[in-house]
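In what follows, subunit A forms one complex with subunit B and a second complex with subunit C.
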Partner chain A sequence: MLDVFLTPMSAAPSATRHKLFSPARIWALASNTLLELVRLKVFYFLLLFALLIIGSSAFVVKFSFQEQFQVLKDVALGAMSIFTWLLAVLSTALLLPKDIEERTLYTILAKPVPRCEYLLGKLLGVLTLLFLATSLMSFLFVGVLYYREQGAIASLGDMPPDEFAAAVAAVKASTFSPSLIQGIVFIYLKAALCASLTLLLSTFASTTIFTIMVSVVVYFIGHVQALARDYWLRDATVGPLTKIFLAFVSLVFPDLQLFNVVDDIAAGAALPMAIFLKTSALGVIYIAVYFLAGYFLFQNKEL
Partner chain B sequence: MPNEKMKPRIGNAVVIRHPSFVVLLLLAFGAAKLLPEAALTREQLAAGLRKGQLDLEMRQQVGQLAFVAALSGFRAIVADGFWIHAQTAWERVDWARMKLDFDIVTSLQPRCVLFWEMSAWHMSHNASVAALENRAQPRAALRVRAAREFIATGEKYLLDGIANNPGNARLYDMLGMLYRDKMEDHCKASWAYFQAAALPTAPMYVHRFAAYELAQCPGHEREAYEILRALYLKSEDEHLPTLLKWLDRLQQKLSIPPAERVYNPDPEKSAR
Partner chain C sequence: MPTPAISIQNLTKVFPIPFRREKVVAVKDLSLNVEAGHVYGLLGPNGSGKSTTMKIVLGLVSPTAGKTEIFGRDSAEVESREDVGFLPESPYFYKFLTGEETLLFYGKLCGLRGAKLKERAKELLHLVGLESAAARRIGGYSKGMLQRIGLAQALVQEPRLLVLDEPTAGVDPAGSREIRDLILAFKQRGITVLLCSHLLSQVQEICDRIGILHEGRLVREGALADLISIDTQTEIVLENATPQFLDQLRAAAARGGAKIVEERKPQRTLERYFLEVTGGGE
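Take a look at the complex of A and B:
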């Protein structure tokens, strides 16, 4: 796995020039990071996720089918949001300290691997892990939802054809909608943003606990950043000190509420494509900027 | 450690080394994102997203932990928790607790039509009947008043639900039913059914129901007759017993000349 950058320089023939930026090296680092995280048995959380959504759907079995589907969607999407966030923060916070402790970092950076590539490989590894985890949870969620949908259709009983068709349409309208995919994309983007932010924190943090704690705090503040911004920009009655504080919160922290439309999507609201694209683009920009900031800090870090 | 040759570069320029550069970078990004973020927030709100009410009043109602959870992006799960709690309150026949829970649920998830619909149904149909049959209250006038209050609560849920989900025909349909069956206000019922009928997701029956209710709204009989006549002529599928009954009644009430009548029932049946 590490052959790409562990090959001795002396062994490299003069014909193969060292590239300043190599996607192959980055991918080698990313896949190695992914493998390391998978070996930490992080995917065991899927069992918990499965129990949660199957349990929640069984718990509300006495409700009407619309209520059952609503609760199932809310619980599944909420659980996906929690699990991906936890996975993003915990796995990213471990990366650098683990590499330093095991001395892998020194082995890699002693070779002609720029720190930028190292950091990018680490981030891509975590993002791949998050993608796999989100995909697996989505498949599980869709599977349970489909199973419940078929159960609800089967329980409709004998009806005239037109009434049956209307009832089936009502059941299907309560389960799947294209906006669910957009909601899942937002869950992934939010987790990816948190991963990038945690990587930035870990480049200067002294301990893993510190990184995790600060990342969790940023997550919570990120959800009230929009309130701070509104007060700062609109409310003229607040004092100068409060204004400075609000400005600090607004400028430094990400607005995570922008990615919280999944609750409305689960309730049946449609997400316009323009808003989806703009919010996604903002998420990608956040990830890039936090990565860049992390890189600037990491390149000056004394190792 | 990387040697001098391996110093990180962006293009040909050595990257600025001072950590304050990162702080400046983040602040610059923060300033650049401020207005686009505010604009995107406005766009999301205009599209009816993130309408859940999260203020101090809600904080007092749901408690600290649930409020933090709702604020942190788990609004739907908190709402579901209170919804399930409302169902247990229903089993205990605790209507006041149910109303509190419904208020919280509908405030947290205003885009969920199901919550508005069921909250209104419980209040206007179940709680009102329970209040009317409340043996603990010996005075009939107070029982009726309590029932009316529950019906008004149900009406409010539906009106608020419509305000939050303006394109939903189901809520107008339920409002029409509430005005018709619980308030016996046929003019309002007709208005609600017409509102539902104007929406693309409306079921076919609301067109007929709007006309039936209009027929019972004083001074609007002629309008109702024209609508029912048009429906009758539209398709044989519309020749339903209730429509025929109202068409016949209106033809007689408006003294439509026999030659102009589109529907001529058996005179004996009509007399009955």
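Take a look at the complex of A and C:
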């Protein structure tokens, strides 16, 4: 049994010299994280999503086609938003405490792997999973919407060509619009932001359940952060302690309400490109800031 | 003077207890060197500071004072881990990966790629006797199999230093002997081994030097043979000695002023007997 190992040293493969920042190493960690989550069968929730939108689609057949599409978009985008958030929080909260508890982290960090690469690999794995989940849900949603659209066009019946063309245009205008893609991008960014925030929490939380609980609380605070910010910046009547508290909430928690555009988009409202780009950039900044804060805590963590 | 594989200089580690003013001193002013190519046993009762020392050497914990180096490189630097393979006590790897996938994953972390990495994984699976379990998920592995795959991942990048924490914990006697033989083979290849174990008989068989920690302090350190030999006594093992010859020997000893302290039949070890009975020694 030892013969294999007792070959001359030169015959064995040699690892490349250590690089300070290695995309290949980060991708090895990210793809492993993705594989872990996929093998945990997290994609089963997609079945629930499919049932929900197909069910809601069948339920609204008696409404006018504009109402049908609005309800379908409302339900699908709302469900996508909740499912991606749940997926982001539950899958991220699992990663770090489990690695520490089962000591898998020791074997990884005992290799030439910087802690920032480990953390970045974990985050990229979750972000890839969220991207795949959002894409799959979007395809399913667009498929059902297209099917309903074709059904509505088929039901228009015999009309003069001019009226038929106008009716088809009206049906199409109430189904697909560019703002639908913007809404899906916001859903993804919001989930990615929550994943980054949950990763930050898991760097100092000792258990998965604590990380999930705090992450849920932060999610709800994130939806009233704008209110706290308004009071902090504009209301001069609040006392100094309240002001400090409001400043803390405004600076530490993300403004998740910014990404809540589902209702407007389902109603057919257009989202100006400038606002879309600014909000997207803010989402990316939030993700980066929470990741860096997580890295700072994890770098100094005693394992 | 050659660079030691591990150099520990005046190492102290203090853990504060949260919400209390007390502190726990895990390691106190520890200094030792592990020379390249040696098998070094770090011994001590539970809570003596062995694991903390190992974690500091591996850069997993930062020291309160002092310094540790691996082949001359500060162990706080990530680069120092290029030369280290680590097997923690009771290791748990990702249960969703198969044995082969586990080795490929750890190989990628060390910068190995492609066909060479696959070949290396195969070699290591053969080495630790897990070829038939290569496609099985780690979640279904026994404790002994986990130790073996742990040893294989520690070796994946051909390290010059192996840090093994209780490498035979939970392994059956035959597997335990294989691991011991592997450690001796590593030594032949010039690989340095830092071994933490409570199995003192095994440490005695394979270690060149030992250090004994107690309450965070190094209480004894040196070459094993020097530390445990009784200088005033000599052991002679005879084969086919007749009773008459033994009488002559006793008389000669008395004439020479020596005292026979003990006479007994040498015994094989229980491990060897077990292996003979179960066929594990073949």
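Quick note on the criterion: the second predicted complex is superposed on the first by the 287 of 303 C-alpha atoms of A that agree within 3 Å, B and C clash if a C-alpha of one lies under 4 Å from a C-alpha of the other, contacts with A are read in each partner's own complex, and residues count from 1 in each chain.
Everything below uses one rule, namely that a residue touches a chain if its C-beta (ideal position, glycine included) is under 8 Å from a C-beta of that chain, and two chains touch if they have at least 3 such contacts.
This is a predicted model, so every value here is computed, not measured.
Kindly classify A:S22 by the partners it touches after superposition: subunit B alone (first), subunit C alone (second), both, or neither?
Second partner only.
Applying the document's definition of touch, where does A:P112 land relative to subunit B and subunit C: first, second, both, or neither?
In the superposition, A:P112 touches subunit B and subunit C alike.
Is A:V71 touching anything from subunit B or subunit C once the two structures are fitted on A? First, second, both or neither.
In the superposition, A:V71 touches subunit B alone.
Counting touched residues of subunit A, say whether subunit B or subunit C comes out ahead.
B
I'd like to know which partner A:K278 touches here: subunit B for first, subunit C for second, both or neither.
A:K278: touches subunit B, not subunit C.
Contact-wise, after the overlay, does A:N32 reach subunit B, subunit C, both or neither (first, second, both, neither)?
The second partner, subunit C, only.
Between subunit B (first) and subunit C (second), which does A:S81 come into contact with in this model arrangement: first, second, both, or neither?
A:S81 contacts subunit B only, not subunit C.
Examine A:D264 and indicate which partner it touches, taking first as subunit B and second as subunit C; both and neither are also allowed.
first
Is A:K243 in contact with subunit B, with subunit C, with both, or with neither (first, second, both, neither)?
Neither partner.
Where on subunit A do the contacts with subunit B and the contacts with subunit C coincide?
Residues 106, 109-110, 112, 114, 300, 303 of subunit A touch both subunit B and subunit C.
Looking at the complex, which residues from subunit A come into contact with subunit B?
Residues in contact with subunit B: 59-60, 63, 66-67, 70-71, 73-75, 77-78, 81-82, 106, 109-110, 112, 114-116, 166, 190, 204, 219-220, 223-224, 226, 229-230, 233, 250-252, 255-264, 266-269, 271-272, 274-275, 278-279, 282, 285, 289, 292-293, 295-297, 299-300, 303.
Quick check: in the complex, which residue numbers of subunit B touch subunit A?
1-2, 6, 8, 15-17, 19, 21-22, 25-27, 29-31, 33-34, 36-38, 40-41, 43-44, 47-52, 68, 71-77, 79-80, 83-84, 87, 109, 111-114, 118, 203
Quick one: which bits of subunit C touch subunit A in the complex? Just the residue numbers, please.
Of all residues in subunit C, those touching subunit A are 15, 55, 58-62, 78-79, 81-82, 84-88, 90-94, 96-97, 105-106, 108-113, 116-117, 119-120, 123, 126-127, 129, 150, 153-155, 157-158, 163, 178, 181-182, 185, 188-189.
Quick one: which bits of subunit A touch subunit C in the complex? Just the residue numbers, please.
1-2, 4-6, 9, 12-19, 22, 24-25, 28-29, 32, 35-36, 39-40, 102-104, 106-114, 300, 302-303
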